[in-house]
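All chains are identified by letter, namely A, B, C, D, E and F, in their written order; residue positions are counted from 1 within each chain.
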């Protein structure tokens, strides 16, 4: 790994060091910018007695190990949020019971049918956002400092919305979020990425389009933000999912774009090509075939190494690796003019 | 009219007097709580050279006459907002050109495809809200004090949303709005009424359900708030539209509910029956058959008289009359338990 | 009327005399086999305080006047069955409250969302069948002898079924019924007519197709039996509705066929053309435009005169007249070979 | 009429004189470029015993009177082509039996389900094109010289196609046709206008787009050519239908464009606004509500007067009048830039 | 196997002993109540020259070996019923030609497009029920005593119905059947389980709901009875399929419930969780991915062992094993309250 | 291979010898008429840096090696046509850049979104036809003599059309093409095979149906021609794809028919059964699961050997082998009567 790291003497990544992050060097014959963990999927079916599957989840380094908030589909296939811990970011131990939230108002109802969490540290708090059910899908919000007590907050938006992703720091003094407003139902064939800001995480406004579906075929049906945006000297690196339709169904791929650091609704570069598409059998067959759905990332500020966590086929948790500088170079080289 | 008015010595209505409001007494044989203006529709097709039709609009008393903001479908059937004036609230003169808004930010784009306006006075400003196009339908907002200069504000919500209706005063120190989040497309078969609040009309939050579709068949498909809620000693009187489906299409009726004065997401009474359904030929046949869609109201604080303006068949502007105390009594008598 | 009646010295109709039946002679310029009552619709919107509309109903002569079981859509548009009386079969007085049924088993649930009744005398009992809700639309059954006490029976079939129409006498010792099995939902685009038999009205079997949709365009989408089949020397005269689709919606017309007296699933003649299509404004515009839906008939055994009751636009009750011998001749002349 | 005609001393119209064409001067209060015949519809329901309705048809002057090829929906609602004659172009006598065609090849099958004919004189022959059924809708073709013997030709295109409209003379030595390729089914929500050419009416090619749906809302769903293009010094005047969708259904209006005389796939001017939309009850209610569908035109080369025949609500035949020079001026003034 | 069997000294199962039934003990690491046969699928693609695939079938012990009635999809993918024999219940020899039925009435038509058979012994006869085509899908019925001559009976119900499953003995003197009425088409998104009874297998009535879709997500779209209900001291054990939808398609799982012995429409316990979901590649990929569809069971009255036969991916026949007492305990422990 | 070849002393195939064609003898245990290449797929995902996948392509022998025109789905999943070369027809080298066409008219637009090419030699020219985008999918045409310069021609038809397949020689002096007209969109559920002819490849006409979907279930949804028809003494052997629907999606199989040599719209034999269905994991799972889509064939006139190239799962290129005489015998034996 030494030589490889030497080649990247300076990284554009602005992040803390995570020297113990999960990692495998790029295989010699790999010509792409991301490469799969050799033992994917890292979480198989039935990882624990009450769970059918675990996917579309989010992880962070925590002290000398790793924590995650996971989408756990129970045996009845109903999704909930569970806490997990791992010594190495690959071997996960997930709690049997879902996270319990302290509610700010009983009128918000109980947290049920909760899925696709994102986990974001801003200043000294950890924020979880997820797809929450409140008379339709919307963005649930909660915070914790110790991963023992979780404080639910107001839902960020009116339904229908999915994939609410916070930026890891305030921008121009405001909290900032990307999301994908979208209609009722599971197979809705549209959805674009918007930017919103808030003084307090309770009231949100100044909604701006970031970008819309298309123009490439791989993302012509719907798109949505993936992991927490990654700060770099070149802008916010946004990994996102893009969806196309076939005569059969949908195909979910992972794309990338660079957004302006101070005005993230301004797109600097948007890559024409996905970084990754469903190709392995654990990605093409399962509960929902042909899905790679990135939701989490660990980034090492010292080296620019990335470990991206993604849901595979709405069934498994898997990991790909990349160097952020290679991604940035690829995005810039292949950006739409 | 004298005797009739005498019968209602005290009204629950909390509003200014509008002695010159449009009015016809209830016909002797009318057994319902609302009755149609005898010369409906008050605005026919092609009321002006550049307009195909005018409907779903909102009016207010202004000095000794009346003003309105109208949905004008141009000859090409594209909707825009136009200002109108009337000496009596019935005979309207509508400006040829759409209202021009001063934009707070070019990124919001031009106001095009704007429809179904509501007009609301809060303190010393007049606010217009409407269905605005910004990468999907959402709630546009603007204010004016003189109906000459119109200041556009931020859109209230992310798409997709329709029928944003402000309350005519702050509640618990916050601006308050009802709206109907809904998906892309014209024939979406769902939609419920939500309540949101804002410190400043820019950032909105604390979204709460008011009520959902159903349970009566007439409103089982979708519902949406109608005119600005009417303040009464019994609560906010909400007139709204409810939609059912048939083996042919949709039928839009007008319903009513009373909401808590201090916590409007709390429903005090919701009437089982619509106050009015499409029955006249100008309501059952037209651009969209079977539509009565209330969007405006003039209320006389002295007498409790109401003139409700509604779009008929997405083609005409029409008026029905009612006494607010009769409506309140009817809503309470026929409320769902 | 004398001459006209003289012309038909002998009628094929097998029925009791109903000399006081509603009747208007055929207009001189009428070239069709059915002609509308001159004061249609006979039941307009809001015929009584709690009803929005009355249609798709069934009547019988009773002593010196007439009785009917009516589909009444309440103010909330929810349908129920109501009893009605009339001195002349045209001017109807309908009870405010729905018919109450004595249930054979609480597990059948309450009769709600009940519509499109048929009324049939077999031996000394009067049977009502209707579209009943029991975990889907199915055929409700009840009997009475005095129209004061109504005894509900078992539902005839599993869901989903509509338009269950009994024959007015046993055939080969068994009760006999026509019906239209069909899927869930209001706009289902298929539906054929089947024949079933029963020893006891509780258990039904020996289901046979009578005929399917098409081949004429007017009935290519779905068909369903109309009034109780009319016994004639030429076979059972079945009046039925046939439905076509347009680029807009559905059009419901009235057709006719003759079925074998002893084996009614055997079709003797099926008329290529509908006897009647929606043409008057009360048929083309309303709650559901373009609907004529025959459900009741009064037949005079002495003269062969028929008064057919039909729902118009799912909004009104209307009547057409005909001579049964003219219909039979027309059906035979224009039958599919 | 004198003065009015004087005002148009020179017309752009290139056509033979038809002094006896149907005509009514523009009403004094009419501010639009087309005005309806005062006794519309000119063909009502059941104009003849075997017909339910007649609409979407095409007429020509013939000797001292008028001939037409009519879409006749039979009593069973199946459409066929019938010949009609009229002394004045308004009072039509239509043959009971459909036109019989001499077939060039039995493999083409019988002409059934034939509709929306156009009638075009090129040199010394009269050509009929129509929507023909051959394993899907396509463009049938036939010719006659005497309107007694009709020679069917090859279908112009593969299915699925509708509204094949010939140009009234060869262009650059080739026959020329406009058409609207479109998918299977009645409610297909797309369709654009294409131009094709042929050396011999048997083999067609060099297909070019003329224009697509939109951008105005009134024509955003589908468009199709209407009557035979009208030659003028300003280009080919194309009257066409444009269709929008509402939350209920479709609305068919009449639009206009000017095409290059020598290269008709080149659009010179396309009017932003429809010339006419469904507004009268015979246009908004019927077999298919909200339809004006122009298919025929009589043009008087001496005066520039036009009588445009259109189907109303897929139920009636109706007529509007216009001056071609007014239309041309209107189209140019309101053309999309 | 000894120890394992010892652990279950007394079984709740009420059934004959089948000591030679197919069986594999539960793997040591298996934490679930059912476990797959180690050599699944037991019937692969093209098991015989004229068959593409064999699945959704039903087996019984017969003398010293096993018989089955199989759904065989022919090379053209059209399904038919075939007889099969096996020495051990795992290695099947299936007849090349479909079963021939002696018809009670030619009007019932030939048995074609027959699928998903169930095989049930009641008293001394063996009954086959299946999804039969008679102007729509309905429940075909036949009996045999020797598996050489098969007597077709009347169809049990009107269309549309699937999955007719007889109880293996009369209840309260009547034959009893579970079924799933459902609409036309392959992807219908609803379907509940009903109970019906019959004095003679010809006439059916007293239809009662057993349970409806949901509330768990895994069965929220449709449900249907699986193998013949299994009699136990705790009630009838019903294995059934439950279907959910994803943004891609459907997922079919196997659930379980206990029904009252004397009144089977009364549900004693319904398990919140499926017993089994599609997880192996032969279940997730094939003609229809993500299907486990149980239709047959062999139960050993001595030990409580079960071998459940299920169709995998509408392509293969596979087997899972279980102990009935473990299932009963699991169902009771995880029942909806 | 010797013996096997000896068995077929005389072949019905009319074609040049291709002794070096790719080939593997039929496995001993294979009971079907086609057998898969042992190392399928021959082109895997990412065969070259700019390509995601290569499939649905067409090859020919060229000098001592092989050429092909390939559908290459780029990294963005947009399809284009690329040239490829191979020494043995199995190991392919595909050019990085798409084929550039010399356009006959700029109005035809650029060739983008081009897919499913066919390659056909007629006289001394090589013709490529493909699914081209010109305001809808239609049949693009081009010719080359040296595979260096490619001359685009007029599109053969109006949209919407797919799978245009030329015959390899003129028939009755005319060029001849099979195609599948079809509607807009990817999942259209209909499509039949038509025959058209042309004097010059520019103007096409005399369109005739060849055959329609069904009657077997495997091809009941849509069908389309596959490789260039193969000339034999028994008629044109047409390999084609047939599509069925399941409750999940579509399944694409390969079928066969023999067409009259002089009048190819006349079907001599149509096989009831597909020759091949999706069964291997590379056929059942991928970008579009359950697809075998034949588009190319190499035929050896000396021996009757065939190598059929097909797209697998819209992801891979694969090959099956067959003897033409076995196919002909099979088709005739199993033909629909």
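The rule is simple: a residue touches a chain if its C-beta (ideal position, glycine included) is under 8 Å from a C-beta of that chain, and two chains touch if they have at least 3 such contacts.
What you see is a predicted model, and the numbers here were worked out from it, not measured in a lab.
Under the touch definition stated at the top, chain D and chain F share no contacting partner at all.
The set of chains touching chain A and also touching chain F is given as E.
Chain centres computed from CA atoms place D at the largest separation from chain E. Repeating the D-F interface with over half of its contact pairs identical by residue number, the matching pair from A-F, B-D or A-B is A-B. Most remote chain with respect to chain A, judged by CA-atom centres, is C. Each chain gets one centre point, the mean of its Cα atoms, and the points for chain C and chain D are 42 Å apart.
Centroid to centroid, with C-alpha atoms defining each point, chain C and chain F lie 56 Å apart. Distance between chain D and chain E, defined via averaged C-alpha coordinates, is recorded as 60 Å. Shown for chain B are the residues that touch two or more other chains, namely 249, 281, 285, 289-290. If you check each pair of chains against the touch rule, the ones that pass are A-B, A-E, A-F, B-C, B-D, C-D, C-E, D-F, E-F. For chain C in complex with chain D, the touching residues are 31-32, 216-218, 244-249, 251, 272-274, 277, 279, 281, 284-285, 289-290. Taken in their complex, chain C has these residues touching chain B: 45-46, 49, 52, 74-78, 186-187, 249-250, 281, 285-290, 314. Touching chain C in their complex are the following residues of chain E: 107, 134-136, 138, 154-161, 179, 181-185, 188, 190, 192, 194, 196, 198-199, 202-209, 212, 265.
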